[in-house]
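What follows is a set of structures to go through.
The two complexes that follow have chain A in common; it is paired with chain B in the first and with chain C in the second.
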Partner chain A sequence: MGITERIRVFKPRIGRRELFTLFLLALEVVVFSLVADHFLSYRNVLNILRNSVDLAVVAIGMTIIMIICGIDLSVGSALGVVAILVGWMLNAGVNPFFIAGVAVAAGCAIGLVNGFLICFLRIPDIVATIGTQSILRAMVFFMLGGQWLTGLPPVYGFLTRGRVWGVPVSLLVIAVFYAAFWYFLTRRPAGRRIYAVGNGLETAKLVGISARRVRTLSYVLCGGLVGFAALLYVGRLGSVEITVGNDLALSAIAATVIGGTAVTGGRGSVVGTLAGVFFMSVMKNGIVLFGIPSLWERAAVGLMIVVSIKVDLMLEKRTLRRQQQQLSKQRESAWAARRGEGAAS
Partner chain B sequence: MGSIPLLGMKGVGKSFGGTRALDDVSFDVHAGEIHSIVGENGAGKSTLMKMIAGVHAPDSGHMEMDGKPVVFHGPADATRAGVSIVYQEPMFFPKLSVVENFYLGEELLTPSGGMDWRRMTEEAAEGMTRMGLSPDIVSKSMNELSIGTQQLTLIARGVHRNARLLLLDEPTSILSHVETGILFSMVRELKRRGVGILYISHRIQELFQIADAMTVLRDGRKIVTMPVAEATEASLVEAMSGRSVEFDNYVKRDIAGDPMLSVKDLSRAGYYSHVAFTLRKGEILGVYGLVGAGRSEMARAIFGEMPADSGSIELDGKPFAPASVKAAFDSGIAYVPEDRRIQGLFMSRAIRDNMTAGLLPRLASGRGVIDRKREREVATRTSERLNVKSAGIEAPASSLSGGNQQKVLLSRGILHEPRVLILDEPTRGIDVRTKSEVHRLIMELAGQGVSILLISSDLPEVLGLADSFVVMHEGRMSKKRSREEAGEQEILRLALGLEPEKV
Partner chain C sequence: MTGKRASFLWAALFALLFTGAASAAEKTRVAFIPQLIGIPYFTAMEKGGEKAAQDLGIEFMYVGAPTASASEQVRLFENLIQQKVDAISISVLDAVSLNPVIRRARAAGIAVFTSDSDSADSERQVYVAQAMDKDLGYTLIDRLAAQCGESGQIGIVSGESTATNLNAWIAFMKERLKDKYPKMELVDVRFTSGGSSEDALRQAEELMTRFPAIKGLVAVASTTVPGVVQAVQQADMAGEVAVIGYGSPNTVRPFIKSGVMKESVLWDPWRLGYLTAWAGKRLADGKSFAAENAIPGFDAPVKYFADEKILLLGDPLVIDANNVDTFDF
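On to the complex of A and B.
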């Protein structure tokens, strides 16, 4: 067919918004490396990578949830509960592959509960996941019984500290997950339907997409990713503290919105989110490096969430206003044309 | 046409709550026929379209395609059967590309089950070319396109899906003149290819240009189906009119004195232009027009919500330019909005709260604390006066029927003791008995000297209640006619933008 010789085949591609976050990240890296000498040292870069790997995996889940115009505040406590399960099984000497399967399944189950509450019982997503967050946090306290799980067998240490042909495994894990979900979200029909639902529930229903199923499965997917992230967490720290995952939801949301996922749903990509994750990790690293009290970290994350959401909303509003003006102008001219025609005939 | 019709509607009916939206409607659409559906707002056209598109299932009667009964369990079933619909309100995914808007829900896949972007791009581009649009725009996201292009894109999508039956619901209402031309040549091309087309439009002149047959609906019932060759503007208007009008609620009053509200040369680009009328004390002025004629927008200017670009308003002889809703409210203008659920009620709050929401400063004591006892008294009294059927004034608004919700909303407007009360579609979607109660209430208020602007697309309602009428069509307002002067058919003609009948 001749037509695709003249026009470019459409595919979801990395867009301007993602490039903008990458630019911000580059700017941040340049500034930090100018201020602190050892910021770009191999050791420090590796450190940043290793410390962002579980956040990076959870942020994929958060991106999917925010594309369907939802939110999941329970990811931190969910990761905590799964991490404790993993720790128990490690101590009991269970097969590590079996443990991994249980972790992902447990995460999916938690996601299914969230999806059920939100899509079937119609509880608003924020309220539902604050509820599950609180319940799961209580479970963390209960399961730990006031004592940390420490000195766990370093079975999963390989995932964050290991190397394959000289390449850090943490980098490989991130690369594999992001490539897989980039493919899923941009090349598979199920992935594009997630965007469709985020763009408009009613429209999605009218073209025969089951919005409820897509939304529920999105929560399950997010839960499964959180389950896997729990393995990474245990591997990275070798222990589970009582504060496990405390700031995870906040950080994942921040990485997602900085990466350009619209809070109004329907737009976003994992590439942007990855840039957002590194932006956050570099910032946290910088705060430590510059000796700034770590109390400021949360404030900075909060500020970044608010600023990036406001910027996105402003951009969307501008588009909307432009369209309304155009609509009224067009209607005016159409009316005028018909009146003119009516008079002529 | 002795052949088996493509689509046969066999006595279909559909109710929503207490209202019968469609009742025993039958007609056929043949392959290669352009069949138009005509009727006022609320005649049941959109319900009919949605039924054929598989969104609503008929609760009586059935549909046939190619002479065989069909049941659609959802839009996907209808699509599979070759039915394609373009909605009046553009329905699309704004942040996704044109290609995705074409195919999401029924994607073209590669052998491995991935999205076949190449084929989808090619075919979407072809569809765009056929609509006279540039194929380059298929990669753009929908919200980058102009409104008319969006609509043409959606029509291209509808046509594209190997549709055998295409439903177009008011497709030209947001199209420019040129775009309408493109649409018409497209529709004629489809007709040649044997596609059946169901076409809804308020633009009667358009229908005479393009349709083969017309079916007139009124109050959810089919009045007549006629070939366009036998139809005239007059016969069409006659079929659309003739709804039974309840005159019992009307009370003859003496309306004299100075104008309470006087509007001169009011314009807002794209919504209404050069609107002028006067409303006297105690008068009910009916503002009739089809949806989108600019009635509500004009009312919102008077209520301070969406200011006009130019023109002037006088209230009780004094210039009046409300800067905000509160300013209009304080000057004695109350507005009862058209959408109860979104614009009107606090659904989860008690009836009492809903009634007194605008009244709290007056119910407060000197120290600014709300006098609960007085609030309850007011709510109870009003509830009794309006005969609100509920489990008591503490019941949430969401527990009420649509008609009783409307009464609660009305009572909020009334409790404010306005000088001018603007009612926007006060009885849409409520049952006949409650409707009659609301009508008596409106009449009672007018009798007490409240000036009422009654915006309605329910012609019998306007005819039955109003002392005088204006009609809006495409942003223009007709001159005021008294109750005695105005005839039903003349009002319909004005609303449809037809030339007045020459006598």
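On to the complex of A and C.
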């Protein structure tokens, strides 16, 4: 118990890094609203929200995975497989709540496979998830068999299009998920253990955390989120075709990195990730509203990833330098004290 | 005794090998490389090709990659050259990267032709065209013009910006708009990454936001059709914004039934696959084409244009509520 208490002592706060992304997002919004007429219209804002909702949920999972210094490239194909399962069940008229349960369970199962490969068979994260990515993509082809699911019953349309007391449900979904995971990652011992493992496997082991368990559970958690995102995808698109989730892994990683999660693990927050998600969605939206050729979208996202990582490295260097300065100061004073003792004797 | 039995076995084995080799040599092997596998469109071509193979007594090889990638097509093409098949047909994704491989295959004595998507400046022997690009572009705009009363803004959502066939159709759409429908204005042409439906949904929504008075949306790549339809449906603009595209009957059936989409323009890929296999056999046998060719099972003779070396499947097919149930692809 003492250990969890001590871990809880580190008071997490929204650091400068998240503020940087929020600032970028604000800047982007201001510039776009000045240049494009329809950018701030109610309908457009609603569109941006709705079109980010599944990415936003997956990005939470990716943030957790990247905090434990892992990476999950299989999220897109995993979402595809679950979306097809959901489509099949919708066509068969299965109870929507049951379908939702199956979707999350299927996502968790895929996450468990990833976790098993990585933590028990000790295959590096990137290699293992490239493998499952390929296998799941093949499953998407096999399951669809060259025929797409179109015109699915709009059972989950409510999750992305509906409104409760005038508030769009897509906004509520994002708010609920991000509030819950912000609380989990910053205030719960289990959440803090994720950071502990990401900061140093060996150190975490020394204080009695089972790194293997934390990492496996992180992948399961990420899988479950992907499973839920599949419901949102089906609700939003109303169809599942062969390209489902093709760019999802890269978008989620980009949002996470732009949001300030360190590629070296141990640092990051869902607040930053949410800012990253919206930064990307707004960018994509603006590019069409301005009538800029579609190709620039990828270039812009790529540029942002590089800039974000560079900012990360600079911040990290500065903290390291400060720590070293503090250390050397302490050492100097210790030596001075010892010298003083020597002189006295 | 044992010696006798052994020699008998050897003889049997030899005979087996020999007949095996002989039957493989007898059957003409015609390969087709689609842009990607796993979509209803190319699956229908595969089935048509297989039917033709049965009828003509040849082997139809359908080899493709799960993603639309030009480098994958080059790799598969080189594999087929090494296997020394008799004819290779391909739906070209990127002419620049394929032209050299096509030249190499011709040098190796393999018949090479394009089907579904062309590279006109390559050394291909014939292009099996589903319909003239011109007819497809023109028909689509004509149908759309009829739906929006020959005036108003329209937008286009396409697939990858490098897909030769999609770009050719868009060029003819523009031409038709300019020549015949001066009151219709094409506001923008958007490209989607990998032709993803999700991307198409988003960009179609954004086009409707940017141009609130837009009257028609064209989904050029078949994978973008569900996304564009969903965008119009979600915005409650069904009936006000007409959606048209090159979507297969199975894909557009629910949309035509619900009324968001009135028509879809395409051709029968099953028959295109059949014609591809037929043309492959013809080329492998060293025969040329007549100006009009009777194909077993086809109602109208297939035209051959010697100048451009094009074998034409026929007029575009307009899919609507009346005939959508008669197709399965």
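The working rule: the second predicted complex is superposed on the first by the 304 of 345 C-alpha atoms of A that agree within 3 Å, B and C clash if a C-alpha of one lies under 4 Å from a C-alpha of the other, contacts with A are read in each partner's own complex, and residues count from 1 in each chain.
Rule of thumb we're sticking to: contacts are C-beta pairs under 8 Å (C-beta built on N, C-alpha and C of every residue); 3 or more make two chains touch, one makes a residue touch a chain.
The shown structure was predicted, so the numbers you read here are calculated from the model rather than taken from an experiment.
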item: Contacts of A:C69 with chain B and chain C, given as first, second, both or neither; value: neither
item: Touched partner set for A:L117, first chain B, second chain C, both or neither; value: neither
item: Touching partner for A:A138 - first (chain B), second (chain C), both, neither; value: second
item: Which of chain B and chain C A:P293 touches, first, second, both or neither; value: second
item: Touching partner for A:A249 - first (chain B), second (chain C), both, neither; value: neither
item: First, second, both or neither for A:A334, with chain B first and chain C second; value: first
item: Complex contact set, residues of chain C against chain A; value: 36-40, 42-43, 66, 161, 188, 190-199, 201-203, 205-207, 209-210, 212, 223, 226-227, 230, 233-235, 250-255, 257-258
item: Touching residues (chain side chain B, partner chain A) in the complex; value: 53, 55, 74-76, 79, 87, 91-100, 104-107, 109, 113-115, 117-118, 120-122, 124-126, 129, 135-136, 138-139, 143, 146-148, 174-177, 205, 268-271, 273, 474-475, 497, 499
item: Contact footprint of chain C on chain A as seen in their complex; value: 36, 38, 41, 43-44, 47, 50-51, 137-138, 141, 144-148, 150-151, 161, 233, 236-239, 241-244, 246-247, 284-285, 288-289, 291, 293-295, 297-298
item: Chain A to chain B touching residues, read off their complex; value: 1, 3-4, 6-12, 187-189, 192-193, 195-196, 198-200, 202-209, 262, 266-267, 319, 323, 326-335, 337-339, 341-342
